[in-house]
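Dropping the structure in here first, questions after.
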Amino acid sequence: MSFPWANNYTPQHPFMKWMDEKLPVPRLVYNSVGAGYPVPRNLNYWWNFGFMALTCLALQIVTGIILAMHYAANAGVAFDSVEHIMRDVNWGWMLRYAHANGASAFFVVIYIHIFRGFYYGSYKAPREMVWLLGVVIFLLMMATAFMGYVLPWGQMSFWGAKVITGLFGAIPLVGEPIQHWLLGGFAPDNAALNRFFSLHYLLPFVIVGVVVLHIWALHIPGSSNPTGVEVKSESDTVPFFPYFIAKDGWTLGAFLFIYCAAVFFAPNALGHPDNYIPANPMSTPAHIVPEWYFWPFYAILRAFTFDFFIVPAKLMGVLAMFGAILVWFFLPWLDKSPVRSANYRPLYRKFFYVLVFFMAALFYLGGAPAAEPYVMMSQVAAFYYFAHFLIIVPIVSSIERPDPLPFSITEAVLGHDEKPASAPAA
Amino acid sequence: MAHDAGTDTPELIAGDGVRRRDFINIAAVSAAGVGGALTLIPLISQMAPSADVLAESSVEIDLSQIKPGQAIKGIFRKQPVFLRNLTPHEISEADKVAVSSLRDPQSLAERTKPGKENWLITMGVCTHLGCVPLGAGEGEVRGEFGGYFCPCHGSHYDTAARIRKGPAPKNLEVPVYEFTSDTVVKIG
Amino acid sequence: MIRMLSILVGLFFTVALAWSFGNGAYNAITEPAAPTAEHEFHKHPKELELASNGAFGKFDKAQLQRGFQVYKEVCSACHSLRLVAFRDLKQLGYNDDEVKAIAAGFQVPGLDPATGEANTRPGLATDYFPKPFANDIAARAANNNAVPPDLSLMTKARHDGPAYVYSLLTGYQNQPAELLKKFPDSKTGPGLHYNPYFANLNLAMAPPLTAEGQVTFGDGTKSTVPQMAKDVAAFLVWTAEPKLEKRHQTGWPVLLFLLFATVLGNLAYRNVWRNTKH
């Protein structure tokens, strides 16, 4: 892969030479996140969220492994073991808040990362595989986050487990057996809690694996950029190290600042009070909602309130909820516009902002009570959501007249292209 | 190489400006390093005993039911502690031994409280590798020296719970304790 | 081809949504949701100023001790505090001997060492606060069929927790005549007590703080009902989040360090990119 002008790894020290022959890990690092990886010089700050997401994943794995040293996955003691972490374990309160808020931080970053992709057409050829793997990561994250939220075994944990597994009960004929199989019982209990814990520990490492593939697939064509024009010459790129290490590094500091402000000063702001009540299978909380990062999809689920011909409302909601994410898998083939970046797609850009508006609405509505006018509002927002991806994007991409593109990244940055021989950094 | 990784070779001759710039880069990387190192503090100290475990580090045990020649096992820090009421014969056996001849030289008096020489209170943890020695329970083997015997690797302790034979390096440990009344002892 | 299919699938979902929307709108117009007493008379908690509020919040130990006294002398008759151990009370400023004495004043479940039968014994510092009822059935039987909830996490288990506790304790009143006029069926039932701060307005708990001087504070603070309610709310903030103060104290240096590191990082970033237009 990579471009012919990429820096070459040349070990100097005899040990590094020896290492390079036996196990060229330093070479791999150099070529993937070091000076050997040329990156478009015009990436803006929306491109920093991938690195932040990677940091979040590392943070969640480290804090999670530690919490698992103190947590007990048994319905009788799970709640109390979390309180033991909060009260008695050295720094336990901090580690647990870091993990709980880390999940939220991860999703904030990932949603921005995904919408960056929508705007700049990052899903388009030749990066379809990067996009597909990204959607897989998002699905794995959702599964991991859901099972993690069950572990404290509070009221929201319990009823979340019951309601979400209940979605599978919507499947005709086999729904109920599947639900019982998932839970290992008729309602969430030890069997469910234990398997959720096991999978919650496993899935992050699966995510790591898919992230490696995601980055690998990215390195074959190289990063996209805000113009959407492919890299043409050496003057279009700068090496990842030190340029993007420095840029990712300082924004990581800013990100950690916001994250730590939440951990230390508002650790429960994104949580739900009911999860500080131990699970009670005999009484459902008045207003149950999943964690905020599921709200858009939860709003879509609840938007289907009436049977549609032969499809029951419940099944319709479940289909739509999963469909809302699955549609992302088809995006590279639904959007046939040859222009990637919405900067040069005036019509698509307008629809993109409408999508952002309705997505924000779905975020709000998913957390609102299941009553009017919220349900009708979420029907409108969900209507646009499906119309956008399945109808508007295919049509707009065929009829739109894009603005003229710059000849190259260099031209976009400098106003004129340079001869490839001269160095970009001078 | 078209791109030099990080350093500003053409400007190195330019003097102070470059050094100030290098300093900023070094400072930023150092700050990241310090932050990372500080983060390790909670990650490491979380494995140390937690507050509830530390709180259980003292225990009061009632001795009133133990007759001479008998012993009970108490629990101190989740480990057995042997509380033995020595008979006069056992005390004299222990005192007969020349302290200097012992592997871990200690007299019985050093291992008990003044005026309470009949109360031998030791951890029930063999100083070899931590098994629980026999001898505190009714009818258990008490070894060649009439004290305790660790079956794991054959350490024999005498009536003052001092190591006499076998691989253990030290006498059975005497925990910190005090008598809060004639019949109640507080360990820890 | 795929775009044709996509548009068909899109139509399927959007038409289904429009169908739901239309039916919902029709129902909303023909059968508007009836107003409920809960909806119209429920009140949001009153404002409550506590020393622990805000990013610089600390515990007021004298207040926590008073609140503990209110819990011990009033609430503990019905409400457990099962996640708090007597040893934790040292954080309120009691010394070891005082903690031991407090613990010994509570009877906790034990075993007779001779017979192994269940009995009770005076508490030790390592014990947790005992539960006033052996189990939920006993609690239900003694309390008009309502189980008094555990209070350890109460201020985190309710929206606006401390203010809610304070408002609930000081919010008992007679059912407003206006309510009965509007919702004649909503009369507070037997054994229930009207309280607009409770979600469904009618609460099984009788007003626990009824008279000034119900508790005599050691520090001479006048024990009015609002004072006692405020102190016990402050105490329950501590029981729910004993590490709050440490959290705030750790947070500031962490944020300052991150700010410093971020500024340095930004300077280094500008430094690296200074000759590269982008």
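Labels A, B and C are assigned to the chains in the order they are written; within every chain, residues are numbered from 1.
Assume contacts are C-beta pairs under 8 Å (C-beta built on N, C-alpha and C of every residue); 3 or more make two chains touch, one makes a residue touch a chain.
The structure displayed is predicted, hence computed values, not measured ones.
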Item to complete: Tell me which of A-B and B-C has more C-beta pairs in contact.
Response: A-B
Discussion item. Measuring between Cα centroids, which chain is at the maximum distance from chain B?
Written reply: A
Item to complete: With chain centres taken as the means of their Cα atoms, state the distance from chain A to chain C in Å.
Response: 33
Worksheet item: Which integer distance in Å separates the CA centroid of chain A from that of chain B?
Response: 48
Discussion item. I'd like to verify one number: the distance from the centre of chain B to the centre of chain C, where each centre is the average of its C-alpha atoms, in whole angstrom.
Written reply: 42
Worksheet item: Which chain C residues reach two or more other chains?
Response: 258, 261, 265, 268, 271-272
Worksheet entry | In chain A, residues with contacts to at least two other chains | 87, 94, 238, 242, 249-250, 425-426
Worksheet item: What are the residue numbers in chain B that touch two or more other chains?
Response: 6, 25, 28, 32, 51-52
Discussion item. Looking at the complex, which residues from chain A come into contact with chain B?
Written reply: 5, 7-8, 34-35, 38, 62, 66, 69-70, 84, 87-92, 94-95, 234, 238-239, 241-242, 249-250, 423, 425-426
Discussion item. Show me the residue ranges of chain B that touch chain A in the complex, using the header's touch definition.
Written reply: 1-3, 5-6, 10, 25, 28, 32, 41-43, 45-48, 50-53
Discussion item. With touch defined as at the start, can you tell me which chain C residues reach chain A in the complex?
Written reply: 2-3, 6-7, 9-11, 13-21, 23-25, 28, 33, 55, 83, 88, 149, 152-153, 156-159, 161, 199, 240, 242-243, 246-248, 250-252, 254-255, 258-259, 261-262, 265-266, 268-269, 271-273, 275-278
Worksheet item: chain C touches which residues of chain B in the complex?
Response: 6, 21, 24-25, 27-29, 31-32, 35, 38, 51-52, 55-56, 62
Discussion item. Quick check on the complex: what are the chain A residues that touch chain C?
Written reply: 41-43, 80, 83, 86-87, 93-94, 97, 238, 242-243, 246-247, 249-250, 252-254, 256-257, 260-261, 263-265, 267-268, 273-274, 276-277, 286, 303-306, 308, 311, 313, 316, 320, 323, 330, 333-334, 336, 371-373, 375-376, 379-380, 382-383, 386-387, 389-391, 394-395, 398, 413-414, 424-426
